[in-house]
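Paired with subunit B in one complex and with subunit C in the other, subunit A is shared by the two complexes that follow.
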Partner chain A sequence: MTSLGQLPLDSDTASSLLPETMMLAGLIAIVLIPNLGDAKFRIPLTSVRVPVLLGGSRFDLTNDPRMPNRISNITFLLAFLSSLVLISESPREVGGVLMADGFSRVFSTMFLAALLLVSVATTYRIPAKTNAQIPDDSDSEAAIDRKISVLIDNRRQVDFYILLIMVGLGMSMMTMATNLFMMIVCIELASLSTYVLVAFHKESPAGGEAGAKYFIVGSVASAIGIYGMSLLYLWSGSLDLDVLKESWQAMDGVDPFAAFGIGMMLVAFGFKVSAAPFHLAAPDAYSGAASPISGLLATASKAMGFVALFRVLVIITVPEGAEALWMVALGIFSVVTMTWGNLAALTSENPKRMLAYSSVAHAGYMLAAIAVVGSGISSTEESVVILTAVTFHLAVLVLFKLGAFLVISHLETEGKGHSIEHLHGLGNRDPMIAGSMFLFVLSLAGVPPLSGFLSKLLMINGIVSTSASTGSSDTSGIATWAESVDPLFWLATAIVLNSALSLFYYLRIGLVMFFEEPASSKPLKAAPSLRMAIFACAILTLLCGVGPVSEWLLDLVNGAIDSFMHQ
Partner chain B sequence: MIDPSWIAGLGVILFGVGLIGVFTRNNAIVVLMCIEVMLNAANLNFVAGTMHYGDVDGWVFTSIAIAIAAAEVAIGLAIFLSLYSTQETISLDDATTLRN
Partner chain C sequence: MINDPLTVITLIPILVSLALLILPKLSPSAEGLARASRAISMGVSLGMLAITTMIFFGEIGNVDWSNYNSGYYLTNDSIALIPSIGVHWKVGADALSFPMIWLTTLLIPISMLVEWDAKKGHLFHPLILMMEGALIGVFVSLDMFVFYAFWELTLVPMFFLIMIWGGEDRKYASMKFFIYTFTASVIMLIGILVMYLYTPDVASSGSVTGHSFDMSVMISSTEFIPSEGLRHLVWLLLLIGFATKMPSVPVHTWLPDAHVQAPTAGSMLLAGVMLKMGAYGFLRIAVAAFPESTVVFIPLLIFLGMASLFYGAWVCMGQTNLKRMVAYSSVSHMGLIFLGIATMQPLGIAGALFMMFAHGIISPLLFAVAGAFKHHYHTLEIGSMRGIAHHSPWLSAHMMLGWMASLGLPLLAGFVAEVTILIAFWMSFGWLVLLPTLTLIITAVYYLTSMQKTIFESNDPHHGILPDTLHGEEPRDITWHENAGMIILGALTILFGILPFIFWDMMSEWSSGFLLETLVQAMQSEGVKP
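Here is the complex of A and B:
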């Protein structure tokens, strides 16, 4: 009984789990602090009253409806910074099921950055009013409704940020899991919280419907994944990734238990990365949820699926120098995913659905890169290059995909954002926001010198340099070379063609923002912290494309992936 | 003593029933029940594995999987309730405000 050890609580462990500890503390603080009050406890049979500080009439300072947002901002900021610092720490195993190393810290930093941006940006999404009043008899019915909805919004602040911190806790534990069961439990912690976040605006018909659809598809996928995991347990007797890897390498031929087990786990993770044909709930969920939450699903939740794919596909099932079982299937799925996503985005009139489909297409690009790693023709060095490109793409996606959703969120503050017409003339109304949005869509399309271009270039470069050398070096013409080259080369071609296709709908957003007349020329509502988050995304999108910041980030990711592949 | 392979075999049948139900039923609550059946199929596999390998990992997995299933039901029913209160249906095909 070695796989499920106990958690040793010494100071070294505590320091290597610092971001998670901080989120746990934040969770406790966010529950306790708004409830602090002047309640006293009378010791029985005496008249001595001891203040217990919980309950009674609340203190004005701590009962401020903006308090939960502040606590969550601080929690995520501290957790993000400590996770960033911990990237360069030496690997440490915790309790036999967690491994805190550079790889997991790169991803948890990425998740926490996304959550920090979401937390800062949602200040104005669910407005907190300090001057809320209780309705009285003299009010008209409309006034009573308005006052009650303000009170409900205030009451809900805590719920929202508790769920957000839960997502962070689940995601960052998940990156460290070296046991499949631990991994699934952490993924469930994160996804159960996201189901509620998607359905958070339960008064609107869209909220409940989006939540219900996302919940059904998500829990079917995870039930299939857990069943697949139980098959793996029947097959090998352990769910530890290292044990499974050894069993896989010792396997003679293909054991049906193992093959079905891995295949079913791929369904669960395929849903998380929103790969076709499991992406069908994604557009509904993204368009029904609040935009920052959609952005979270499109970036952090997707990256979580890719961590799981890395662990399961690349660690367990990649044989030395031979083709992996799933390679052909994954290659085909990736092409279907990117093409389907882009074609559906072309015909979409709702910018949130458009971004959702574009996120499906991006999942396709990254799956194509992973298929190449499984082909067996890439050396370990080439695999490192390709996986670095995928991870770098996931990291910069947090900036420009989330940024684009945050711009939509800015429109949502005035009740718009669900139709492309609401973007009309944004260039006149608010040039800075429109400029940032234009930057985000260009980066999504992969236009140099933005970060989206660099990551896509690295990915295509990795695929081409792995596969092009398999073509015949016969100089008799391009046709013989094209016939002899490994089919993987065409994956790179598919990515390039799809990027060209995607330019149409990305540029359409830019076009309507600057060349169409707005319905009203009123400036956007003031939302300083949302604007701050958008501008931070825009500036970092630029900086991560060229220059020292991009090199620093690339080195960081490369080091993490290098140690991941050589462990 | 029942052979573990019979337990795992029952698991396969339950999983099949759940999967067919998920794809053919329209009522969200029935779909939720089918998901629970699928999770229980996985639990049976874990129990069978524990019997076969003689270690307790499978029991730990089973008990935690039951906890996950319980959390899922609680969240699922709450979401369906909010769907019902706004659209007066819990049929997944009838709720189509997001399509356009």
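Here is the complex of A and C:
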């Protein structure tokens, strides 16, 4: 057992931490490169001037306001690719608190993919000056360039991407943490950066309000979680997940310290995954933040909460063949979460709030699946299938949930996107974008053959195949059977009914896009990088539902979860 | 895959139509493609017709249709699409699906011909071609997932056909059409998923979930669904999905709106093939998988059938809009299909199958007539014009033939179906047969009165009364391509009325096999006299 201070840095370790190393290098580069200039230092008493590069007036290249975005894109692309390659590497322990294995790499790849999309999509997104004009198609080349350079203030650009890379660093380290303390530190690194990112539009009242709300609620949730962690430490004397697992299994009855500790950590993670009743800040935060950031919160940040839930609930506290302590509570919370989310989404007039509530509903579906893992009636194989389904769902959610937010972000480039009316007639104005949006909402609703259907089917299948055998085979009628079947079966029913309910608000987006008359028939802005990100999401949403890509992804996830459950 | 004709006729139309729709948008050099798309679409659809006709003449004698379980022919080794949840590309055709496939390939070129000069033809004809692929996909797929995907895919081209080329209220109609059928198919999907989740473990085949979407596996493993109540529930969910498509009273209300607003070709395909998807799916999945539930719910089927038959006919009597009247007559005739299935006689089921086919050639003729009427007289009001026989002799001739066939005149295709269903109904339910028979009189009443009002009945022997919408112009008779399409449909109506055994033998063999394999046992266990 090595302590935190003795991090061995040999070449093998370095290669297994390649994505993190790259992000670190990117962080340094993004701080340094935009500041490079022609400053020279005169050696005293001579007339020799040595260029020191830092300071002075900047070079044309480093002065380019798009520079930080480019650095961030390259950083995330390289980190994403190296993380993808590392999935199949054998597990390696680093410093006793990190474990780089398939499971962590699947998740870090997922996070980095989301961050890459966000980074690419935010190229034209950040108006630093409130009076900055958005380039128009009627402008000349030169005017467009000038407006863009006003639009993108170099230093605020740098801030944005520094924070984005910090989020990436925190998230990908978090997936590897095998020590609760390390995990909380990494989660906080990612969270604190997201608090700032949410409030990044500090000029607008909505941005400031969203940031403040999200920060206050989030820090209270974190505080509760840390308090719970300290109770766990009091109880077992260690924060190592393996030690905690052994102590839990050796525990006679339920120790109140342990139970309260776990319960309080659930509050913190419940906030991260935006489960009811800890979700109340989410819609405000999502609607106040820039859409790509909202998308990041709804996908990567949520997945981070689920990794924590996997580690804490499934590894520490699932007893062999018996019902876990939290099973009933989690089952009830999951149903409340999905129903609340869907009902609230039905009445939302703001598409970002609607997507936020739909994200709450999706958290409910996944919590229901996790509740089944804790029921004690699922074998390890069945648990693997269920957790594979949840992980796969989180992975494809990056495509269609983030994609939907990116479409809203495209509307934001013309200062719209906060009301469903702004989606009116999008089908006439820009058929490709509207078609992609329709694909995203259909996938969110779980319509075959899109990837959202595949993942939802896998979850429902996991729940039903675990619980269906418990029903009585008495043929006398449905009432007897309904009474005899395990209550878990009704979780599957709740998911199906909620999905049917959710169709109404998802299809409504499609209807207004294709049927209502647009306020202006002007086509949307070109924004090529944003378009590229949206189309990539749309194509992958389809490919991950049917065909070889979906197989490959599912195999990858399944292998990772399999090794995770059998470690 | 290439040497499997069913895969070819499913995928080629979809791929060609996608190419025709997308390529001209991508590069300006493909402009020529857009101009040629009408001819290319027609060529492809004729090619498909040639393939299915060759299959028909080449193989029809060699297949034992009565062997229900192995009666599929042209099935090939399945190709894995999503092995992790057990989805395969598996196609086949039997006596239930083959007439529908042939009908589809026949109606597509005819509907293109009838609307040969449609506006925005570079989009119109490729969309119809896409419709062809999706419809054939529904009829050939033997994998429930693929079936459902094609089932939903049929909505897309039809939605755009109504939305872009429809009448004044096209927005409302296309939205209603989409919402109704989509909701119904989601309900059906829940039923399919329950069936899927109770298929026996096939994890060895690489399925992560341990289940399979293979249609034959799903249908034969419904006994694993633990309680009879749940089986009935699934059957009802499937019924809602299929009955909405058919459509049956009380979920028929989307149909008249969609028909009235749809362009002629859209109406022809909607009535000719899309409605049959409901009956096809009901027989193929709901009845085959849950024979016991079907037997238990015979009274419900009779009620739905009678309600559709009577209500459709009754509403027709009060209709003044030509297309709306034909649409309601479709509801009425679809009711007969439920009655035919409810008889649980080989004759009744074969009659239902023949009804599906006969209605599939008669109702497109009626809609082609209605479309031509609208095209040349700019109105669909039945009373607004009298004596069109003077002005449009060809149109009147086709109109009369179509209406006569639809009301069941002997020696025309509709009669064969109606009379066999009624005989089977009498064999099963005795004097109850008076109810559908007397209702069929209403059919004759509304057709004959509107015939008299429109075609004849004019005081002046040389001039009819022209509607105001013509503004005093002389109406012309129908164009050559409209005429050609109607002549083909009319000739087939007569052909299958005189020689019904072309398809009848195969249908009746299949029905006996189907009944023997699935329903007889169920009827015995439920205590119903077979």
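Note that in this section the second predicted complex is superposed on the first by the 530 of 567 C-alpha atoms of A that agree within 3 Å, B and C clash if a C-alpha of one lies under 4 Å from a C-alpha of the other, contacts with A are read in each partner's own complex, and residues count from 1 in each chain.
Here is the rule we use: a residue touches a chain if its C-beta (ideal position, glycine included) is under 8 Å from a C-beta of that chain, and two chains touch if they have at least 3 such contacts.
Because the structure is a prediction, the values reported are computed rather than measured.
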Of the partners subunit B and subunit C, which touch A:L457 in the superposed model: first, second, both, neither?
second
Contacts of A:V220 with subunit B and subunit C, given as first, second, both or neither:
first
Between subunit B (first) and subunit C (second), which does A:A199 come into contact with in this model arrangement: first, second, both, or neither?
first
Partner chain(s) touched by A:T413 [first = subunit B, second = subunit C, both, neither]:
neither
Touch test for A:A210: subunit B only (first), subunit C only (second), both, or neither?
first
Pick one for A:S15: touches subunit B only (first), subunit C only (second), both, or neither.
neither
Which superposed partner A:M229 touches (first subunit B, second subunit C, both, neither):
first
Which of the two partners, first being subunit B and second being subunit C, lies in contact with A:A500: first, second, both, or neither?
second
Residues of subunit C that touch subunit A when the two form their complex
81-85, 87, 145, 148-149, 152, 163, 171, 175, 179, 182-183, 186-187, 189-190, 193, 196-198, 208-211, 226-230, 232-233
Looking at the complex, which residues from subunit A come into contact with subunit B?
1, 3-4, 181, 185, 188, 192, 195-196, 199, 202-213, 215-216, 219-220, 223-224, 226-227, 229-231, 233-234, 237-239, 283-284, 287-288
Touch list for subunit A against partner subunit C, complex:
385, 388, 447-449, 454, 457-458, 460-462, 464-465, 468, 471-482, 496, 500, 503, 507, 511, 514-515, 546-547, 550-551, 554-555, 558
Over in the complex, which subunit B residues touch subunit A? Could you list them?
8, 11, 15, 18-19, 22, 28, 31-32, 35, 38-39, 41-43, 45-46, 48-49, 52-53, 55-58, 60-61, 64-65, 68, 71-72, 75-76, 78-80, 82-87, 90, 92, 95-98
